[in-house]
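As structure tokens, here come the structures.
Each of the two complexes below includes chain A, the first together with chain B, the second together with chain C.
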Partner chain A sequence: MNLKQITKTSEFFLLTVILAIFVVFCFVNPAFFSLGNLFDIAKSMVETGILAMGCLVVLVSGGLDLSFMAVAVFAMHSVSLFFGRNYNGAPLPLLILCAIVVGTLVGLINSFFIAKLGLPSFIVTLGTSNVISGLCLAFIGSKQYNKIPASMLAFSKWNIISVENAAGGKSNLHGSVIILAAVIVLTTFLLRKTMLGRSIYCVGGNPVSAARVGLNRTKILLFVYCFMGGIAGLVGILHVSFQRMSNPYDLVGNELNVIAAVVIGGPRVGGGYGNTAGTILGVLLITMINNSLVMLRIPTFWQKAVVGMIIIIGTAAQILRYRRSQTA
Partner chain B sequence: MKRKGLATLLAVSLMASAILGCVITVSADEASAVDLSDVTIVNIPKLLGVAWFDRMLPALDEWTEANGGSYYQSGPSTADAALQLQDVEDAITEGVTAIHVVPNSTETLEVAFQKAADNGIIVISHEAPGAQNVAYDVEAFQNKEYGAHFMKALAELMGEEGGYAIIVGSVQAQSHMEWADGAVEYQKENYPDMFLVADYVESGEDHDTAYNKTKELLKTYPDLKGIIGCSVIDPAGAALAIEEAGLEDTVSVIGTSIVDVAGNYLDSGAIDMISLWDTKQTEMAMCEATRILLEGGEVQTGDNLGGIGYESVVVDGKVIYGTAWVDITAENKDDDPYITE
Partner chain C sequence: MKLLPLQAAASDNYLLHGRLKGYAMDTLLEVKGISKTFGGVKALQDVDLRVEKGQTCCMMGENGSGKSTLIKIISGVYSPDKGEIILNGHTYKKLTPAEAIREGVQIIYQDFSIFPNLSVAENIAFPVLENSGARLLDRQKMRTIAKEALDRIEVTLPLDRMVEQLPVAGKQIVAIARGIIQNAKLLIMDEPTTALTYREIEALYRIIDGLRKQGVAVIFVSHKLEEVFKISERIVILRNGRKVLDSDAGTFDRTKTAYYMTGREIPVVPYDFILPDNNSRGDPILRVNGLSMKDAFTDISFSLYPKEILGITGQLGCGRTELAKALFGIGRHTGSIEVNGVPAQIDSIQDTRRYGIGYVPEDRLAEGLFLVKPLTDNITVSSIDKYGSRRLYHRKELITAADHWLKELEITAAGAEEPASTLSGGNQQRIVLAKWLATDPQILILNCPTVGVDIGSKNQIHEIIKDLARRGIGIIVISDDIAEILTVCSRILVMKNGKITREVDSVRITADELEQELISAADEET
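And then the complex of A and B:
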């Protein structure tokens, strides 16, 4: 792809929109351009960004998952409580592995209904979301838990860059951005370079042709929802570490923030379309807006309205441009 | 087969509880002037699962034990006004005797309160002194004074000079706004070298949001030297941001919280002081106010409503004020009634 082709992609356009917003923000408050703020945005992108990768895969397959926050909370709370009480010295990789396994197993339940029984993903995951949240509160625990494993606390303080800032404090770049990068690379590889990844596009874009060429839709969707579950489990552990406590009432309710980020990044609900570059730009846009309202000195009463307006303007610009390119 | 067995079991247990209920009725009749055994109280906090509001349940346990009647708790899983309205509506449909509620947004619930009153249901609120359609609103203290109390503590920590910010759970949370206004008013009267850096910041009672907004405050206002957090997670979220930035000694954090949430930060010095009131005592006062209303009376200034800090209440219109706040620092952490672990 040469430079001219790149400038015509929707990702490039989205990047331009983001840069334009960024420049405006910097004019309003120069502190927005500080290293500390860029580090903070990077850290704030970690949870949304990783979840968005899972969501992207689901959207590409032609489905929609509304249960991932509930799955993340379930994995987070069960693993934190179990290890916090029984084996406080558990190393982080073990905790992450356990959470991914728990998440994948819950994803398997979604898979069963969606892939095997062919029920609509929207309805199934809406249902499982409530069931999982309920079970988590009833059987795992309904209270905030502070005595999380020591390795999680240590992880929360793992900064790969730490510099003095003007206010005499420290600006830190948290190590979790490496995990975000790894998940992006993995998802990109999966979607672009593997047979499985290409099959997901095929099943999502044109199920009839996919069946004709002999793709096993059931197996592919089985993978898709398990992947989302595993991703959610991973995010659960990161969330506990960031907050230094496990609160079973966190996360659930913020699903649409992630889905909006993915949709802004390009995929159309219906499947077969989308890529990781667009998605991560969508996440960047949403994160940047959500973490700037105090910095922009926007009165508290106006903040929600401003978020909504920027999202509408950002998406409208992109969609109008897409339509023009289709008719031209 | 199995299902039939289950049904039988249910039926038997229902009958058993009905019989037990009768037994309790008899003993309760003797104890109290009015029959309180049919009383059903529903407690609707801002959100479920936080120690702060769970602490209301022991008061209901004790009160129903002593007076008869029963209670249950319902509420939203996030501090959401619309979801909470649903819980109030459900309680009205169930035909409970009394609704004890801590509103997320008083305005959203007013119509439902009126509907409850029309159905003969006693509504007693907490943290909503402006509520119009309730029988009484019970407050641990006068909100303005609580805010002034925070400002005195913060001014001492800040050396009576510099910028400060206030985090509220929601700008619709009337009590939080009154504490904040009370604090600002007291500062303007007494500490001319202090100033509020920005509009009140909203946390949505979410730890992550309080954390992120504090980070934004620190970046935007380098002269920030103090933070007051109004909702129970606000000081902890703010303290996490301050600890990560290494500013424990530069920026003072105080606010409403409990040791289970803020204890680690009291130890590390990121939080300097938290204040709280015992919701068990408040719930006890709400129950006693309910009893007085059921007996046909009304609450008057000087009445003893049972709870500690409510021995001699002040009644102003529909609002009942106690004198019940507790300050907690790293030294007296064990005085917190909410410690569970």
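And then the complex of A and C:
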């Protein structure tokens, strides 16, 4: 790709928008351009970013998952409560592993309806989202829980960079960004380098052709929704650590933040398109806006409206650009 | 391989048995006594077929003749009730799709079955890589495979281009290259030239010719007679599940094709309307003056008289479809249109209905029909205001109207409440026609009215068109089917690069002259 082609990509377009917004915010509130704020944005990107990777894979396959927040809460609450009560000294990797397993198993339920029975993913996950939330409150617990395993509390204080700032306080970069980076690398590898990843593009791009080439759509979609489930489980554990308690009413309802981030990052709803670079830029944009609205003292209810508008404007811009490229 | 000993026999011995020698040496595919029944309907009855290495064989037949069933049996999608399939000397009672591919059978589907979202290289190489059992994508290898495939058919395409950005012909080349690199020995192409321009068709013929020299056999399904004779060595015609003809293209009498396909003689009667001379011809019902549309056509002027059938022909991309759509209120145009001598402002489809203009689109599936809806709804949708009273919906009246048109246009259907998807191509096209006739139009624009319609139905549709014109409707037929234009139309306009280059009465031009006109138009363009 030469420079001219790069400037035509949707990623370049997104990056320009992000830089423009960044410059504007810096003028409005100089505190925006501080190491502390940048570290904050990075940490705020972790949950959305990791979930967005799962969401991206689902969108590429031609589906849409609305249940990942419910799955994250289910994994979070069940693992926190179980280990909090029975084995408070459990090491973090074990907790993460368990949450991923729980998430994957719930993902398997989605897979069954979507991949095996061929039902529309949108409807299935809307249903399972409610079922899982309800069951979580009914059987796991409906109260906040704060006697979470010690390793989670320790993790919440794990900063990899700590810099003294002008005010005498400290600006910290939280270690969870490493996990975000790892998930991004893993997803990029999956989508770009593995035959499985390319098969997901095939199934999303043209299901009929995929079947004629001999791809097993059921198996591929089974993987896709389990992957999303596993990702959600991982985020559940990170969320408990950040909040230092497990609240079963958290997260659910914020699906749109993640989906918005992914959608403006380039994939066309309908499947077959999208990549991790665009998605991460989308996450950055959404996080930056949410974060800055707080710093600019704009009431939080505006965030909802703004995110909604971003989805519409972002997708409209992508589609219009695409149409123009088709007619040119 | 029970015939192996033959190969070992003394050479002059099996030269005497030329046929047998051919079998052991050169036969790629042999289908013996194949029968297949679907729910009591005999789709194929005792069909034999032999294809030699490097042979180009054209398969013809009306819809429902068993062509697609036979193709699906050869590619392992269906298994026959009776008979056997011999590929490369291996006999199969039941062939699976995987076995068919292993024996080198590749189908180029009409929709090409490609991935629009992936690059040219990935589209071509994906099946090979997938079958190799690799878990990781080797991009280097992918490009090598794709390059090799394109080299074999002597075409260059940008390997990194997304396939959705290629023109139709490019997508087809990708599909062919993908088939070839999977070690294809028999390529089955389903109506491969439908969406191509003359130039692209010529290029396709060259590719097929190159493959033939490499020993790849091609089975070609087509409705177009000209191309059948241009590239096939052999012609096979199926009718009602039986093979009725298997002949060398060279010795085959092309005037008999329609007879073999339909089982009856189809008289070709040109439309007998001749426009009266200037003084007595009266006023045109449609007059188009200096019509232009950006990137489509410029300065188009013509008149259409009652009872006239005006043909507009030209190669794909000459602006003919855009012109048809402009007259139907789709797209922005400049210039003037008069209907019955009164200036008409046609900017939307609603406008055209006010002026009594009907349009039968080229792609009836996408633009003309609600496939899952009953015929009743399909027929009455454009004229719904005429039925019922006080803005209430009277289903019974709609059904009565639909029944009337089913009878009028001789549409074969189980009933007016059957969905449109259950009809054959020819009958579907008649439903679209009925929809516009129900609006009582004075001008009817037909865009490629018989694309993908088999020969018998085609003839009936032509008769219907002529009959409508005789009743006083002015009709415009847009088509690149030369025979169709000549039999149906009274006057012909030839379009090239968005302009009308020639106007001629159909009795004053022969098929060869008209074809030359079209091809020269194609040549000048490049």
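Heads up, the rule we're going with is that the second predicted complex is superposed on the first by the 301 of 328 C-alpha atoms of A that agree within 3 Å, B and C clash if a C-alpha of one lies under 4 Å from a C-alpha of the other, contacts with A are read in each partner's own complex, and residues count from 1 in each chain.
Just so we're on the same page, a contact is a pair of C-beta atoms (placed from the backbone, for glycine too) under 8 Å apart; a residue touches a chain by one contact, two chains touch by 3 or more.
What you see is a predicted model; the values in this text were computed from it and never measured.
**Q** Between chain B and chain C, positioned on chain A by superposition, is the outcome a clash or a fit?
**A** Verdict on chain A: chain B and chain C fit.
**Q** Anyone got the angle at chain A's C-alpha centre between chain B and chain C, nearest 10 degrees?
**A** For this superposition the angle at chain A equals 130 degrees.
**Q** For A:52, using the defined touch cut-off, is the partner it touches chain B, chain C, both, or neither? Pick first, second, both or neither.
**A** In the superposition, A:52 touches no partner, neither chain B nor chain C.
**Q** More residues of chain A in touch with chain C or with chain B?
**A** The partner that reaches more residues of chain A in the superposed model: B.
**Q** For A:37, is the partner it touches chain B (first), chain C (second), both, or none of the two (neither)?
**A** first
**Q** Contacts for A:201 in the overlay, against chain B (first) and chain C (second): which applies, first, second, both or neither?
**A** second
**Q** Just checking: does A:222 make contact with chain B only, chain C only, both, or neither of them? Give me first, second, both or neither.
**A** Touch status of A:222: no partner.
**Q** On the A-aligned overlay, A:292 touches which partner chain: chain B = first, chain C = second, or both, or neither?
**A** first
**Q** Go through the superposed model and pick first if A:102 touches only chain B, second if only chain C, both, or neither.
**A** It touches nothing on chain B or chain C.
**Q** State whether A:277 touches chain B only (first), chain C only (second), both chains, or neither.
**A** neither
**Q** Using only C-alpha atoms, work out how near chain B sits to chain C after the chain A superposition, in angstrom.
**A** It comes out at 36 Å between the closest C-alpha atoms.
**Q** Of all the chain A residues, which ones make contact with chain B and with chain C?
**A** Touching chain B and chain C on chain A: no residues.
**Q** Can you tell me which positions in chain C touch chain A when the two form their complex?
**A** Chain C reaches chain A through residues 97-98, 109, 111, 113-118, 122, 126-127, 129-131, 134-137.
**Q** Which chain A residues qualify as touching chain B in the complex?
**A** Residues of chain A touching chain B: 29, 31, 34, 36-37, 40, 44, 133, 137, 142-144, 146-147, 157, 165-172, 242-245, 247-250, 252-253, 291-295, 297, 299-301, 303.
**Q** For chain B, which residues are in contact with chain A within the complex?
**A** 47-51, 54, 77-78, 171, 198-202, 206-208, 211-213, 215-220, 222, 240, 244-247, 250, 260-261, 263-264, 340-341
**Q** Mind listing the chain A positions that touch chain C in their complex?
**A** Residue list for chain A touching chain C: 192-199, 201-202, 204-206, 208-210, 212-215, 272-273.
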